[in-house]
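In what comes next, chain A is part of two complexes: it sits with chain B in the first one and with chain C in the second one.
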Partner chain A sequence: MPSGTIVTGVIGSDTHIVGNRILTMALEKAGYKVVSLGALTPAADFVKAAVETRAQAILVSSLYGQGELDCRGFRDLCTEAGLEDILLYVGGNLVVGKRSWEETEQTYRAMGFDRVAAPGTRSEAVLEWLAQDLSGQEA
Partner chain B sequence: MNAPATADSLRQPLSEAAIPQDLFARMRKQNLARWPTGAGVDFEAGVERHKSLPRHKQLAPVLRAADAEGRCLTQPRGGFGTFELQRELMQTLDRDGHADVVPTTTDSYTRNEQWQLAQKGIEESERMGRSMLNGYPMVNYGVDHARRLVDAIDKPAIMLTGTSMPKLTGEIGYAAGYSGYLGSGIAYTVSYIKELSIEEGIRNYQYLDRLAAMYQEAGVELHRRQPGFLTGTNIPPSIAIITAVLDCLLAAAQGVRNYGLEMGQTLHLVQDAAATVVCREMCQEYLARKGYRDVFTPVTLLHWMGAWPQDEAQAAALIGYGGTLAAIAGAVSVTTKSTHEAFGIPTPQANAEGLRTTRMAIYLARGIRLDGLPEFEREKELIRREVRPIVDKVLEMGDGDVAVGTVRAFEAGVLDIPWSPNRHVKSRVLPARDADGCLRILDAGLMPFPKEVLEVHEERLRRRAERDRIAYGPELAVASVYEISEPVAKLLPDRAR
Partner chain C sequence: MNAALLIDFGSTYTKLRAVDIAARRLIGSGQGPSTVATDVNLGMHAALEDLERRAGKLPRFRYRLASSSAAGGLRMVTIGLVRELTAEAARQAALGAGAKLVGTFAYRLTQSDLQKITALAPDIVLLAGGTDGGNMEVVLHNAAALGASALSCPIVYAGNRAAADEARRHLAAKTALFTDNVMPEFNELNIDPARAAIRKVFIERIVHAKGIDRAAAAFDSVVMPTPAAVLEGARLVADGLPGARGLGSVLVVDPGGATTDVHSVASGEPAPGVIPQGLPEPRVKRTVEGDLGMRYNAAAVVEAAGSAVIAADAGIREEEVKTLVENLSANAGFLPATADEKAFDQALARAAVGIAVRRHCGSVKTVYTPTGPVTVQHGKDLRGVEALIGTGGVLAASPDARAILKRALADAREPLALMPAAPRLLLDREYLLYACGLLQSVEPQAALELALEHLIALDQELADERTGHG
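So, the complex of A and B:
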């Protein structure tokens, strides 16, 4: 049974909550403690919640295209708050317009995200990533 | 990050009553002072602007004519982060897409009145040479640029602004010659914001409705429209229609006389056709009950609003079928999507293709109606039996006042919306798709639907759960969220299961 605390939310001025809520339900069912921040969450609120709850990972959702602006500097915010090693995932429709996935993934990798989930990624895939990445951390 | 509450001196107790003239003048002055471009709004000039537009560029008469002729018009969405990109987009939609109504979708910073962030987005977009915003920052660019956008097309222009804070965007767009505005106090407050209360959302749209009515009183009929698609994910028709009726009554009380009603397609032909008829009928029934006899309420259907398949061939089927549905349902217009929907905002060309695919489907479906079909008649009656008890209860809770009743009903869970991001909505009601493909209510939460009605829903949903071997409960709701986006080989395998 997995254990650990995970922060979830939809970043920026984005209201698309459905996928994020389904992911949150799946994480809870899998045994994680989930701090669910919901829609329209500023980057700083993710970091604050992660500090307060000593979370192992932050899972950022974005579906409206402006994630590229909202996620800039996210890794730096974490580092400044003392969360150098926290796992960062991001997923959704991450850019405005239809661009190649490789390019989009690279953009977000460069911003410091450990995993970048393409549109349509199911919660089971995210659970597998977490199991791998968190077990590595504990070892 | 949300709009500041109205200053106390401008605040009356919440009610549905029309905002008094002198108070409204003071509210407008304060509103227009919130960003420099507000100074560019001149009401008298706005009235003259609309009077100078040819009739085919005025949405209100265009919709009345389409309704009288039984036509189904097409309208896409579309917004980019800079003026040049926006103008090019609108021209492409007009000329290559043959859009009957041309949109301007605002970006999400503008929707949340974060105009400083929007300004940065414009600069970034210019620097990167591509749109970094998901829409057009209408407020930052102001009235003159908006006028130039309206001048660049030969169709009516509508503002699509997904916001519970429409006051400055609406002033600027209407003053510039946009003749339609999509948005309403209940529907958008439950769908597009987390913290803003239902009361504040209603108040914000009472402002916009009063503004539209002021133009009406000056001899310019403007179009207002209710986004009953709500959170866009598996909204059963009755829940959409309940909000449509209440928002419509609120608008009529401010003096609006041209009020469109939008619903997301369920993708079941019979259910969509039934919903289209009953939506208009229920609005008219309650308008008449409140003494409003001259409000025009055409219905618009929207292409599928939930998650889309990534396969463009599958997406094309949803687009064509959505045109067919809207035409057969008798919708006065259909709001279109494109084959890029699964990936986000489409290119202008893909957007225009979506329009043409839809247009062809409408042409093919001309004249077909379902009247007399037993299943159609049954579905209409079922929706009526869901809508009336809830709307009646809301009116009762407000002692006849729609605004007060709505706020109290959301607090009590009598009004509820699936998948709402808003903290003031219980969001306990849960929808799912049944064995036949209709959207039904899996869990009514605290909404007082009649027991016999809910039994019908449960029976249909249990058949689906059994057939697809999904547990009857939240899992069925989740499976229904993904369903339409699944690969076609999974939905309809090559060999029988």
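So, the complex of A and C:
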């Protein structure tokens, strides 16, 4: 049974909360403590929540096409707050325009996200990632 | 006669209210100077003599309850982790307990922070940080730092429960009290246990430390700090009691010499479709505007409102405002004498009340999203508040309290501010709200009826004046 605290929410001026809710339910069912910030969450609020709750991972959703702008500097915010080692995942509708998935994934990786979920990624896949990444961290 | 004496050991005056419990009647009021710095008994005796002079021979009192804001009030420092989260929750807890906040700190305390805290010489330090099971490092660092410091005041721990045992060891050499976390879960406010712990420390230690218990022969107990008594009074008149209706949601404003206090008893939930942001708001909330006072902080009020605005509102020249402000700051006991001075004084009160209530109330803003505009709310939505109550000496003495209170109402020029739209306007002319806040601890029913009966409806008063019934 996995354990640990995960912060999640929908970043920026984005109101698409449904996918994030489904993910939250799956995470809770799997045994994680989930701090769910909901829609319209500024980047800084993810970081503040993670500091207070000593979260191991932040899972960011973005579905409205502006994710790249909203997520810029996210890793720096974490580092600034003393969360150098926190896991960062991002997922949703991240591909904008004619860019390929590979290119998009590379962009977010370069921003410091550990995992970048392509559209259609199932919650089981996210749970698997977490299991892998967190076991590595605790060792 | 079944009577109660309700005492406020204030910073300037010792105030008394004698009430007949059975008849729900105010027997009389008395006032003496505040003499905590020398011997609290002197002011108490003077106040009792004054009361006797006005009310005649005093009955034997069944209860003699006191509140205190003397000797600087309950000076508190609060410490949390993230400024907008546990540090804010700790602030709310301290304000709700009736404290005067002298410093708020967040994250790891540095050596210079510790020096500042020691220099502030607080009466109580409230230490929070981390949700339960969340961050422990920072609250433990801060507990260790406080434990090793020269600070001698009591420390109330209301941080991460998982870190409490270790924090206890760090604070072994101090007087420390452990209570529930002010934020047990992320974004969940739990300030009542911390409020209760602060009040306990206040009653058991601070009353003695301030020398108020030297007058112990004259009262039974000091129940709470005066601002907490006003807050309890507000809660009582708002909520009522089982079987006795209150006023419903209430906003209380108390402009004073140094600060302006605002209390609200209302859920303040966002309207349907509006998205709340930030920490959930306490239903019973107190804010203190430390820069808005009628005497010590008159200059700050003028600065916040703009001297041209004050001048226009008072009907005086702007240069005159400057002279008057200098006068006031130099002489806190100033009583306005000339017509201009009086007009200026009232304009100051109107400005202080308007700004203080504006800050207490929440606001909305529109965020444009690709799916259309969305309204988000910060703070409490108090547009629907049913009663707006003015209390304190400034309002009681004002020739036009209604004009002052009206500044607390929603203004079409500021549509984003969630201020009361159409409440009843009430005045606590006898300054009984604090007294009823004290009395409710022993005689809630009498306290409620007494408070409600002595709130004067300003709308009604105005209507009476117009028809000649006043």
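Operating definition for what follows: the second predicted complex is superposed on the first by the 137 of 139 C-alpha atoms of A that agree within 3 Å, B and C clash if a C-alpha of one lies under 4 Å from a C-alpha of the other, contacts with A are read in each partner's own complex, and residues count from 1 in each chain.
Here is the rule we use: contacts are C-beta pairs under 8 Å (C-beta built on N, C-alpha and C of every residue); 3 or more make two chains touch, one makes a residue touch a chain.
The structure displayed is predicted, hence computed values, not measured ones.
**Student:** According to the stated criteria, A:14 is in contact with first (chain B), second (chain C), both, or neither; which is it?
**Tutor:** Touch status of A:14: both partners.
**Student:** Per the contact definition in the header, classify A:125: touching chain B only (first), chain C only (second), both, or neither.
**Tutor:** A:125: touches no partner chain.
**Student:** For A:64 in the superposed arrangement: first (chain B), second (chain C), both or neither?
**Tutor:** Both partners.
**Student:** I want to verify the contact counts: of chain B and chain C, which reaches more residues of chain A?
**Tutor:** The partner that reaches more residues of chain A in the superposed model: B.
**Student:** Per the contact definition in the header, classify A:40: touching chain B only (first), chain C only (second), both, or neither.
**Tutor:** A:40: touches chain B and chain C.
**Student:** Going by the contact rule set out at the top, does A:97 touch chain B (first), chain C (second), both, or neither?
**Tutor:** first
**Student:** Using the touch definition from the top, say if A:25 reaches chain B (first), chain C (second), both or neither.
**Tutor:** Only chain B; A:25 stays clear of chain C.
**Student:** With both complexes overlaid on chain A, does A:77 touch chain B (first), chain C (second), both or neither?
**Tutor:** neither
**Student:** What is the shared patch of chain A, the residues that chain B and chain C both contact?
**Tutor:** On chain A, the overlap between the chain B and chain C contacts is residues 13-15, 38-40, 64-66.
**Student:** Sort out for me which residues of chain A touch chain C in the complex.
**Tutor:** Its residues touching chain C are 5, 13-16, 33, 35, 38-40, 48-49, 51-54, 64-66.
**Student:** For the complex, give me every residue of chain C touching chain A.
**Tutor:** That would be residues 81-82, 84-86, 129-131, 133-136, 183, 186-187, 275, 277, 367-371, 374, 376 of chain C.
**Student:** Sort out for me which residues of chain B touch chain A in the complex.
**Tutor:** Its residues touching chain A are 1, 81, 107-109, 111-112, 114, 117, 120-121, 124, 130-134, 162, 191-195, 231, 233, 307, 310, 340, 342-347, 350, 419-421, 423, 474, 478, 481-482, 485.
**Student:** Could you please specify the touching residues of chain A with respect to chain B in the complex?
**Tutor:** 10, 12-15, 17-19, 21-22, 25, 38-40, 42, 63-66, 68-69, 93, 95-98, 119-120, 122
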